[in-house]
Amino acid sequence: MQAIVSHTKLNDAAGALKAPPTPGQALQSFAENRRSFWIILSLAVLFAAWEIAGLVPISFAFPKFSETVLAFVEMVADGTMIYAYFLTLQPLVLGVLISAVVGIGLGIAMGLSNKIEWLLAPVFIVLQAAPMAALVPLVTFIYGIGLTAKTLAVVMLALPVIVLNSYKAVRHVNPSLVDMCRSFQGTRKQQIFKIIIPDASPVLFAGLRLGIAAGFIGVMLAELLITPTGIGDLITYHRSVANYGHMYASVASIIAVSTLTLAGLQYFETNVLRPEKRRK
Amino acid sequence: MTLFGIRIPMMMSLVMWAVLWEVVGRLDLIFLIPPMTSVISAGMDLVQTGSWQNATLITLRSFVFGMALAIVVGVPLGVLMGRVRIIDNIFGLWVNMFVSAPLSALVPILMILFGLGETTVFVTVFLFAVWIIVLDARAGVMQVPPSLIEMGRCYGASRWTIFSKIVLFSALPEILAGIRIGLIRGVKGVVIGQILVSIIGYGELFELYSRSFDMERFWALTLILFAAAMLLSAAVELFEKRIEYYAGAR
Amino acid sequence: MANAALSRTQGQLAVTCEDAIVQVRDIGKNYGDVEALRGINLEFQRGKLTTLLGPSGCGKTTLLKIIAGLVPASSGEICVNDKVVTGPGPERAFVFQDFALMPWATVMRNVGFGLELRGVPAIERNRVARRYIEQVGLAGFEEKYPHELSGGMRQRVGIARAFAVNADVLLLDEPFSAVDEQNRRKFQEDLLRLVDLEKKTFIFVTHSIEEAVYVSDRIVLLSPRPGRISQVIDPMIDRTASPDDIRRDAGYLNTVEEIWQGLRQYAE
Amino acid sequence: MANAALSRTQGQLAVTCEDAIVQVRDIGKNYGDVEALRGINLEFQRGKLTTLLGPSGCGKTTLLKIIAGLVPASSGEICVNDKVVTGPGPERAFVFQDFALMPWATVMRNVGFGLELRGVPAIERNRVARRYIEQVGLAGFEEKYPHELSGGMRQRVGIARAFAVNADVLLLDEPFSAVDEQNRRKFQEDLLRLVDLEKKTFIFVTHSIEEAVYVSDRIVLLSPRPGRISQVIDPMIDRTASPDDIRRDAGYLNTVEEIWQGLRQYAE
Amino acid sequence: EPMRIAFGDIATVESLHLLIALERAKEKGVDIKVTFLKSEDIAAQAVVSGQADIGIGGPYALLQKVKAPIRIFMQLSKLQFYPVVNTQFYKGWKDLDGQEIAVHSRGSGTEAIMKLMADKNGIKYSNIAYVPGAEVRTGALLQGNVKATIVDSSGKRVLESKAPGKFTFLPLGEVAATDEALFANTTYLKSNSKDVETLVEAILTTWREVAANPKSVAALREKYKLLPDATPDMIAEIEPYFTEAAPGMPLNGGGENAARDDFAFYTISGALTGKPEDLKVADFWSLDALNAVLARAGTK
């Protein structure tokens, strides 16, 4: 952080030595150097707009931003929010774990074997493109209302994404690396574990991240469609008793949690795994 | 893509799964899976009912309007983000956030802002589809080979000419890819919107059939939707291939 | 043959001559903290082919783009036909290393694109384009798309496009580097023919010492970053001789060896 | 110097000699409808460097991969050390055009990878790897990752890896094509040094006529698709001479010219 | 300006009488536009935010908390639910001590009934799962995913026909509380009193007609061309459903008495806070329209 700031100062100093920049240029260089500034600015604008819309109010069911924040603080303080996340994260984590293990396994198998590809690829392509939300209520009929059903809903959304990305990852492994391994008489097992999986791992991980994004959608659908628990329960319950601030706080919190999770994973992906793939 | 290179074997595998389904259905293991043949015949009946036609009309209307708006807003916004740094900074956060956010959680709120019924569904479609269109259009514009732009400048092209004659054409394959993914997401959006808020269109039918345990019709409707999603994306893909044919190997 | 050639080497000082079409005056260029070029003074003579040669990253492309007006210099100025220029102009045309062809346009439209941008009507520009397509040996390929052509053919399209706008100065950045070696050799011979035919001024960037010596009237050697002029060499080769004779010419071989000895210290 | 060189050209017939380490017998290859190679008969002599040269797409890479056992031939057979081979073997090592380095592994692990696959313990393979890293001039870079190296250095890693498994035959597919020209020239000189030092058999693919003549004991010219042997040339150049002298040698220049005249008809 | 009604359910056989009443109100010149929504709470939210004029549901919890002046103006149905257990596991109320049960949603009438019965029987559930939709709970029972829950009358019939003897319906004391009611914003009720009265009257007369002759529903469905794509199965359901529902149908639109009953019931269930006797009917109900109609049509 500090390094970035001082770098900016250096640039400014160098710029000042030469021609004074026009206001447009100055704005542009400012915009380029302070990304975080724009993030904060756009957040501030949104929150202000929200507060004003709540003050008007555009609807009795539209709370002010401050009301929402208060509701959020209240729910965190009395533990309901934390307990809700405890409940929501169970099917999510479980579902994503199952999807990851099964999905990466199936995806790699599909990538390695043409027969398995022929058998499974079309199914997963259809499943990924299909509106799976329609099928979520069916889960209840078989698996009832508990953790199993919700986990299954998460799997239904996350699995196709992970399978297809893993499959793609394996298919896009650098062929000359595979040839290299063969030319050194590597066994098939060595080929898979020493070349294919390491080379595919960045795409595998990216697929996992997309799978987690799909899992969040799945768990929300499950909690809104199957039975309300966790965050889904907070949303429906507070709506049914007209605590709209609490309802909004719950919705905003799940979106924020998913965004932060995904951003964290992306950061991990670009900075820890395979630094050579890092973009400038 | 490689999958579509071997289209016929792929179809064959789906046929095999359908046969398996038929067998499971005939064994009468669970009421959830009726035989494929009865699903198909229920589908034949279904498409002749007024309520299906009506639901299709409503669903299509929300979908078409939502997609049209997503394209009309998404492509220019993405192009602008790719070209103008400040706009990119302002919108970048939101686009990246919403492209993978659990929008299903947001749907209950949309109703408050956009009212009951079709408008909310239409907005849901828009929200599901627009972000990926923006991101792909942005990526397309940013991927324009710098030498092409320099070439334009060399021959004295104005900024506008470079934009309209080079940048847009060059970004077209990515823009189309974004629209294709957007279409698939839009189909998901229309279903989620209809199921979560207003019980209209296909959402109503799904609710009705699952409540009355009418599994034949339920699956028939599901298959129609799945097929529609696949056909839509295949159609855009076909178009994309033609464009890529011109765009060649970049 | 061998005695017809004479190689002359000059020091750091700028060469002055009566007919300089492009003058580079004290050009420097910084990319942020990176100093790419420093104090470049050069004159390019009308109707001659001058090559910029130097180790990777020494600023050859940067200098060429500054002359083209595509990249602003940090200091100094460029004069073309005795007028200071600050941006691209109709008297200069650029040929790109990666060809910069529009993949969605036919060969005809690509070649005529410079004219299209100038508002020349279609009939007229197609006539001109067709002429240059023929001249670079692509007659019959007018309606093909770039992806249907080989690398060498694509670069010919790029060259035809530059010719079509009838600029005085052609700037070529490693035009043959994406072309395979055997075609490249053919290209070099074709280029000499075109230089002779079109009587234009060429400024050429390459990594290949042989290529530079083979095609150039003058070679400017740049030192590693920050790029400065380290040597100016006039190969003085009799280009009326056959390609094979040129490549056996002692002057040619001496010049190649001399340049290689100058550059090899910069190779890894 | 010039009189020390002698260029000999032979016709279509296969060359027989007492010490052929690799024998290519009547090899043909079809990719679906595309006939890439037809009726190739060749012998590669132990301890010599043989180059495959030909126009783009004539099947050089295909032939090299068939010899390596990476691609199955459609007809014919390959003998190495008088045994018919059908797949990769420890006596042959391949150097890839795109380097084929594992981006997640250090230089050390990349170079020792062939040994790792054979189950050689880490201490032993690091010792060997270190020796070859030094030999290709990369001492000090053992713990770097490929993305931290330049193109030329990466190819050196690829070559060191091939040396490390101590194969008899090294197969190199355009190893220098991704390296810039000035470094390439340096590489060629280094390669000659390594050939001399390691006493291995090299089979080399290149597009560059000069490179082929400069480094080869024998050059096999292939005709365009379907690839057949059109000429076999032994440059007979005295490699004890200095690089500059070799490049001025009349035999060298004649061979280059002769090959060029044979290939130019295939250039676009 | 049509009268916008938000219905927190889809149109099924069970809502036929309401659909008939709406058609009749239309005949009387009230322009009605019905929107079918996913759930009652969304319908309530639509009324609160002004996107619908009239909502259908049992929004006592909402009424107590919401800032908007929403009032109930007519009762449509009373709670008619049947606690049911899988005989394989439980026989009576006592067996449910420390067990998990499933109800419709938090604060719903079904939850209230189950809590009430727990109190009466001196037991405690280990957990209450929320499974919206009586038919979903019915299906879950049949599948064996739920062992104890509470279903509606059609669910009861399904259970009795599909798995006779497998389930036991537990005894229930007298429960008199609103299941569904009509509610609206007070300003809307004031400025559209004519239309509202027409609607109330149409419902009241239809209810009385159906209660007197449950068979008439099927004929009226034909007359008004309602549920055109209903399957034969669904049509066969109509008569038994209304025959069973008829005795429990409120024929006087609820009113003050119903409100009092509701206070007693929903304070126990937890949907309403405070003591029943402290709650004011005027805070929850707007009786003007109903009283005007009853004055005309008489009470039954």
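Here are some notes:
Note that the chains take the letters A, B, C, D and E in the order they are written out, and that residue 1 is the start of every chain.
The definition used in the following text is that a contact is a pair of C-beta atoms (placed from the backbone, for glycine too) under 8 Å apart; a residue touches a chain by one contact, two chains touch by 3 or more.
Note that the coordinates shown come from a computational prediction; the quantities given were computed from them, not determined experimentally.
No other pair of chains has as many C-beta pairs in contact as A-B.
Comparing the centres of all chains, each the average of its CA atoms, the largest separation from subunit D belongs to E. Look at where the CA atoms of subunit C average out and do the same for subunit E: the two points lie 85 Å apart.
Subunit D has its Cα centroid 51 Å from the Cα centroid of subunit B. Annotation: 49 Å between the Cα-based centres of subunit B and subunit C.
Computed centre separation for the pair subunit A/subunit E is 40 angstrom, with centres defined by C-alpha atoms.
The residues of subunit A that reach two or more other chains are 59, 61-62, 137, 141-142, 239, 244, listed in rising order. Residue positions 42, 45, 49, 51, 136, 139 of subunit E each touch two or more of the other chains. Per the touch definition, subunit B reaches subunit A in the complex via residues 2-3, 6, 9-14, 16-17, 30-32, 85-86, 89-94, 97, 100-106, 108-109, 112-113, 184, 187-188, 190-192, 195-196, 202, 206-207, 210, 218, 221-222, 225-226, 229-230, 233.
Residues of subunit D touching subunit A in their complex: 65, 68-70, 87-90, 92-94, 96-98, 100, 102-104, 113-114, 116-118, 145-147, 165. Against subunit B, the residues of subunit E that register as touching in their complex are 4, 6, 9-10, 12, 35-38, 42, 45-46, 49, 51-52, 133, 135-136, 139, 228-229, 231, 233-234.
Contacts from subunit E toward subunit A in the complex involve residues 39-42, 44-45, 48-51, 59, 61-62, 64-68, 102, 105-107, 129-132, 136, 139-140, 143, 145-146.
Listing the residues of subunit D that touch subunit C in their complex gives 55-56, 150, 152-153, 180-183, 185-186, 206-210, 244, 247-248, 250, 253, 256-257, 260, 263-264, 266-268.
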